[in-house]
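The structure that follows is given in the form of structure tokens.
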Amino acid sequence: MLHLSGGATASAFLLTAPAAVPLAVAGAYALATPRTRPTAAAFAAELTEARQRASAQGPVLLVEAPEPDQVSARHGQDWAGLVSPAVILTCGSLLAADVDSGGSQRAYSGLLRADALTAWMLLVIGTVALIACGSAPAYLHGERDAGRASARAVSRYHVLVQAFLAAMSLAVVTANLGVLWVAIEATTIVTAFLVGHRHTRTSVEAAWKYVVICSAGIALAFLGTVLIYYAARQAGIAEAWALDWPTLVARADRLDPAVTRLGITLVVLGFGAKAGLIPLHAWLPDAHSQAPAPVSALMSGVLLSVAFAAILRYRVIADAALGPGFTRVLLAGIALLTLALAAGLLLAQRDYKRMLAYSSMEHMSLIALAAAIGSPLALSAALLHIAGHGLAKSVAFCASGRILQITGTARIGLVRGLLAQAPPLAGAFGLAVVALMAFPPFSLFASELGIARAGFAAGGGLGWVMAVALLLVLVAFAALAARTARMLLGPGTPSEESPSAVWPLLLGLAACAALGVALGPLTDLLHAAAQAIGG
Amino acid sequence: MSGGLYTQLLDLACGAFLLAAVIVLWMRELASIVRVFALQGIALAAIAVLLGAHEERWDLIAVGIGIGALRAGVLPYLMRRALAALTQDRRRYADGGAETRETQPLVNVAASLLTASLLTLLAYAVARPLTALHPTPATHALPVGLAVVLIGFFVLVTRRRALAQVVGFLLLDNGITATAFLATSGVPLIVELGVSFDVLLAVLVLQILTTRMREAFGTTDIDDLRELHD
Amino acid sequence: MSVIPAALATATAMAGAGAVAGFVLPYRLRVPVVGVLTAGVGAAGGTAGLAATGGSRWAAGLPGLLPLAGAHVAVDALAGLFMAVAGAVVVAVAVYGIGYAAGHGSHGLGSRTAQAVLPPFALTLVLVPVAASVSTFLVLWELMALASLLLVLAEHRERASVRQAGVWYAVMTHLGLVLLLAGLALFAAKAGGETFAALRAGAPTVSPTVRGLVFVLVGLAFTSKAGAVPLHAWLPRAHPEAPSPVSALMSAAMVNLGVYGIVRTGIDLLGGGPAWWWLGLMAVGGASAVYGILQAAMASDLKRLLAYSTSENMGLVLIGVGASGLFTAYGNRPLAALALAAALLHVVNHAAFKALLFCAAGSVLRATGLLDLDRLGGLRSRMPATAGLFALAALGAVALPPGNGFISEWLLLQSLIHGLQVPGVAVAVVLPLSVALIALSAGIAAAAFVKALGVGFFARPRSDEAASAREASPLMIAGMGLLAAACVALALVPGLLGDGLDRAVSAVGLPGTGAVSGGGVRVRLADISASLSPLWVVAALAAALMVAAGLPRLYGRRRRRANARLWDCGGGAPTPRMAYTATSFAEPLQRVFDDVLAPEQDLNVTPVRESAYLVERVRFQRRVPDRIEHRLYEPVLRGLAGAGQAARRLAGGSVHLYLGYGFVGLVVLLLALAVGW
Amino acid sequence: MSTAVGYAAVAGQVVLVGAGAPVVTGWMRQVRARLEGRAGAGVLQPWRDARKLLRKEPITPVGTGPAFRTAPALLVATTAVAAALVPLLSTDTPVSSHADLILVVALIALGTMALALAGLDTGTAFGGMGASREMTVAALVEPTILLSVFALSIPAGTTNIPAIVSGAAHEPARLASPAGLLATAALAVAVLAETGRIPVDNPSTHLELTMIHEAMVLEYAGPDLALVELGAQMRLTLLLGLLSSLFVPWGIATGSSWVALGVALVLFAAKICLLGAVLAAAEVFWAKVRLFRVPELLAGSFLLALLAVTASYFLSGVS
């Protein structure tokens, strides 16, 4: 691999690395798990620990004082997690340079394939992962200090996060719809333990809901995939290519409409579950509120979008086979319902991590709405929205994790005067929420503007849908503004907070703002990506 | 194998497959449910093998056997182990007896069966275009797969025991696999492998979570999982 | 011709430098540096505006900026007028702001955030009129909203009410954005392009229904920004809670942009419309004028009073704009131009005196920590400069000669009175009503500002804080002085604005009027003539005043004034507590307008413990709530709260429920597919 | 030549209003006294009062400020300027192009406001009370006057008073129209309110329950009080003159001849005396309205004015 002679090898490397490197890092973490104690004993200790916690119905502080030399080692370990985001980002940009004029790169006989959408998504994954992994050391440090994380738990955390990144990267670089499904299901399994990593009642509950609901949903998506495959086979596509996305797109007009319709419905429902769309959305607030903050950031920032990117891929097939009307109605309906639900639940929200989770649903439904509109402008806006939301939401979640550590509560009503207490952190959180409320210069404004413009331009009732959506967004905005203001504003006494923990957050905010001002070199990529999914 | 025999055997297998799903709905003792589920796995394997034999594709037969091993062997084994763990704990938890029975599903048995029949009808209605696209004995049986998917989902929704929910999820999965076989004689191997692996992992995850739940909540009644809400 | 881009680039660069300086510099340095840079932004923006009102034009496209749309900018005389006003206000307020923020610790306006946001806010005030496409406009509009929001929140550590105000402001401004976005996006979609040029070109092809819808949506949004009813609720909250320089900027520069928006979209881009648009706009304007000033007359918080007065003045401006549109709809373009000129002149005048009023109120706040008129008083001797400047501005606000407000209101009345030449029953009913409303609001405005000045600054201090007040710092007075000079200039020689005003009016396609020229205001149309010479009025008044003041000296024998105790009908030397308060001053008016204001009162009688017949304490409380808010907003808020509580049940925690959603969703969709989509 | 007459007319108006105002008040008091069966103090008594007050020592109550000291002079000054503008004697004066009706109304309001501020400046309960009531009344009177102005300016097509007056003098039919009558009635009520006469205010009362104007000026003494009184009397004269000019315009010089000016002077004196007598007589028979019912009265006149405008529009619009 080191000897990159031919273009094919290079592209194969670029396509493989985003998934392989995180996997390798995960493996390295797994091997480097501290072996100071026999594994079985550690397990037993952990088990008793968990039981004691359960009996006390709350976290019991079992502080294991780290030895001095271990501390630096652990810090290095925490920072090593930045390798994979860096690799994903690099591969994403290198691929972007290749495909931003509309071409694509293939490897392993089409199993892996990168077009502009892939590059775009890789860039988003890489950046969000950079923020999440960059703020992980501070978060883990806080967890260790509070005695909530043993060395083993931290190590397992790293392994799972890296595996999670690998699964998501695989989901965007594969061209095979079956592999895409496998990769997305894999994210569920990997993150289940991250959601439940604290062994408390609530985290177990969240993990159970997460796994059951997502697995059920994703199973439906598989059924849909099977039906599409069936339709493809009946349309005369060979077995090897019947799940190949480019082939399906090229020959979608020959697919049987009735079967495709059924398949697409199931796929939208199924991947919609992972994307936080109604009706299988309910895992989302629970999982996001229980997962460690960096993981919440990853889940909300990219996992949802990766799942949605799958829907975008299927949408191209469906539109070619059925005309745009079907997915439009389906997606618009789902988007509106989701938006209404998210807005309603934001209104009386009392937990700030759940608040952020519902805000994710709000934004995913906007993206879904853009997909329903389906014009080039709308699709570009959707992709830009994916990026902007990923950045802003990951910053918000990472900041919320630190806030949780500082204040010790996730209740909005119990947090006061945060700006006075921890100005840099609260400032980052506030700005992230401002970005999520779609104020310029953050890119979410530009994308919402684009979606609205596209929506009114589309006609055929979508104007009304857009109007209702805008009203619901207003409701969500009001709820978000009131809650956040309550947390941040007011008098407070300054507390110790190292500003160094805030740099990943500021980086994310700066990136989000920069995207909102000018896309610069990404302009072509965005347009090519929108073109790749039918814009 | 003659066409008629093949059709009859296939129909028989599919009937058994559907019947097993309905019986799961009927049963209350978790151990019996697991047993029925294993039988369904065998029926599923039979479908795959029959299809393979009909089309004279040895790889399909192999896949069928593999699936049979997974669904009738490994998965029931894992669940039985989890069940055994629950039973062993009886002394520690006073209500242990209730843990192995689905005493009070959210919808009672009679209504469940009625719903199952309605769902089957729905599956037939939905599957019409599927059959029409390529009418063969196999695709004629497609509604069975869809019906099992729906019934599995229904079990998932209405059963209160963690393990019963796992079974529901697996029924759903069985239904999908059956659909895949009946419609297209199975998806490509790499996908099939991935799917099976994922299902296995999902069950493992759920099993571990069941244990943790038992530790944290003292029960595996899913209805007690209500601490996270708005 | 290159003045405008150069000036705008300078302004942008200075704003950027100011933002950085606000973050980086230590407290002692940052306030003066940011202040100077902000003033620079204002000066540069004002220069660009003046150049535009002087006849320059500039347009450019910046496709690299602003994803998915690209930025388009253009400056014409109309934009120039608003830029010039904003720039001038920014300069004066920035100078004032240095004095305001200095020496009061690094909280509030002196904090890093506030100082860093101030220059960009000034920039957006200047830049909003520059936008020449829907996206550019909305981006700048929202940037302005965000910057002002952050500034409104600057003093959140001092008062809990700031948070409330901030949330209200944020939500209302977002409501405005939603309306604006819907309206403009719809317009752009139907007109086939989102640059203003495309909109202008495509407007005639858009169906009347859509045009009407666009106008209603956009009009609601812009009137909300202008602080007109019914979407005014943010204004009386945000303005009092913001630091005073910010209130001044918001009230004197930001609200104007609502008017700009209406003129730009309604008259320019949509190219005018049927009479009902403009009748509606005039109704909104008239209601705001009277309702705003009534609330102002009832308010006892000085800044709240000023905020409601902004509502009133914007109402007057909207009446003018509406009349202009109405006359255009009936084909009388010279008269339309006159009405528009009057409205724009009032925008300028209002900016001058309202900025000064808010600054003076800020000085009072800095000196006493109070804004409650009931507890102020006697400031004229402790802070004479501030009191004098407040009086000067108040004279402008009550629209009496020789104040500057009089000239524009006079012009407005002239346009309405002569509007009766235009045939049509609607006109016959609406114009007299508008005149009546303007007159009524002027009358009540007099009462309101007599209260503000007389109770707040005259008489004797009613609290220790007021008694120990100290005059504002020289920089604050200098800033106010600039504004006062503007007020005086506008009052004496409004003709200075003449050409600029004409060009602004002709920029939207109406003929120039030459209404304001030379030293006087002259209306000369086909068969009307009326004129007003402010300089003559002032000279005559001054002469008469000298004569009247000299009369006793000529006639009387004793020239020296002797001091004596207050007589007070023999009661003599009453305590400050016995003086009339703002609340009692407003009581008769409140009685008159009982039905409109619907005051709420509580009477609590606490009897002595031993006997039910002996009263220990009587507590009487009366509040004048914002009735529109009561009727319009509270049901919505209650409904939303109810919806929120109801929605919580959807996330009840049961995994069965959650799976049930999925199951039902699946079954419903399958059924739909089965019965044929 | 014409300018000389014009300047003479302006000067005559100002001097007439300034010097004649106490006489008009004296005349009204005399008429009233006679009607009430008293002998009365004589027509010149207000003059004698003014002279007495002017000779007294100027007093500044402790705790009052510049507003208190300048208000009397401002009151007189605004009225004097208004008197110069209103065509009491001639419509053809050098200032007639500035003689805008809105400006005149605003100048009168400015005087009212100055006095109200002075009342508040004393810091006494009475001063505040008077100011509050005065401003309440003024707030309602101002729109009434403006609307009447509006009604009258519609036929003339301008708000320039000389133009309105000369137009009316040439076309008497305008005044006899329903609009003209309604406007007259409305303006009459407004004038009563603005000048503080019964039934709105009682100029000779000092009861705190009822007084408006007097409460504001309680602290004035000596020359200041003289100016305040003079100002009030001038306003009364001016407004009566305005009423007469607008509704009985005959006799006012429209050209520039000394004879016409002389005739106008005589006729003006006669008109004012007649109006004053009518007003005084009415005051004898009317009672003062309760303070809190004053707004009803004013609202009524406001409606009359509005009706006048609408009627005037429809009547002139039909043709």
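Brief remarks on what is shown
Each chain carries a letter (A, B, C and D) given by its place in the written order, and its residues are counted from 1.
In this text, contacts are C-beta pairs under 8 Å (C-beta built on N, C-alpha and C of every residue); 3 or more make two chains touch, one makes a residue touch a chain.
The model shown is predicted, which means the values in this text are computed figures rather than measured ones.
Here A-B and B-C are compared, and the pair linked by more C-beta contacts is A-B. In whole angstrom, the spacing between the mean C-alpha positions of chain A and chain B is 30. A separation of 99 Å divides the Cα centre of chain B from that of chain D.
Inter-chain spacing, taken between the CA centroids of chain A and chain D, is 78 Å.
Between the Cα centres of chain B and chain C there is a gap of 68 Å.
Multi-chain contact residues of chain C (touching two or more other chains) are listed as 647-648, 650-651, 655, 659, 662, 666, 670, 673.
Multi-chain contact residues of chain B (touching two or more other chains): 126, 153, 156, 222, 225-228, 230. Each of the following residues of chain A touches two or more other chains: 208-209, 212, 216, 220, 262, 285, 345, 348. By the document's touch criterion, interfaces exist between A-B, A-C, B-C, C-D. Residues of chain C that touch chain A in their complex: 64-69, 113, 134-135, 138-139, 142-143, 145-146, 153, 156-158, 160, 162-163, 166-167, 170-171, 174-175, 178, 181-182, 185-186, 188-189, 194, 640-641, 643-648, 650-651, 655, 657-659, 661-662, 664-666, 669-670, 673, 677. Listing the residues of chain A that touch chain C in their complex gives 208-209, 212-213, 216-217, 220, 261-262, 265-266, 269, 273, 278-283, 285, 326, 341, 344-348, 377, 380-381, 384, 417, 419-420, 427, 434, 437, 439-441, 443, 445-447, 449-450, 452-453, 455-457, 459, 463, 466-467, 470-471, 473-475, 477-479, 481-482, 485-486, 489-492, 515-520, 523, 526. Across the complex, chain B meets chain C through its residues 106, 119, 122, 125-126, 128, 150, 153-154, 156-158, 160, 222-223, 225-230.
Across the interface of their complex, chain C is touched by residues 51, 54-67, 70, 72-74, 76-78, 80-81, 84, 95, 97-98, 100, 102-103, 106-107, 109-110, 112-113, 116-117, 119-129, 131-133, 135-136, 138-147, 150, 153-154, 157-160, 206, 218-219, 221-224, 226-227, 291-292, 295, 302, 305-306, 309-310, 313-314, 317 of chain D.
Contact residues on chain C toward chain D in their complex (touch as defined above): 297, 377-378, 380-381, 398-401, 406, 410, 413-414, 417-418, 420-421, 423, 428-429, 432-433, 435-436, 438-440, 442-444, 446-447, 450-451, 453-455, 458-460, 527-533, 536-537, 540-541, 544-545, 547-549, 551-552, 555-569, 571, 573-574, 576, 578-581, 584-589, 591-592.
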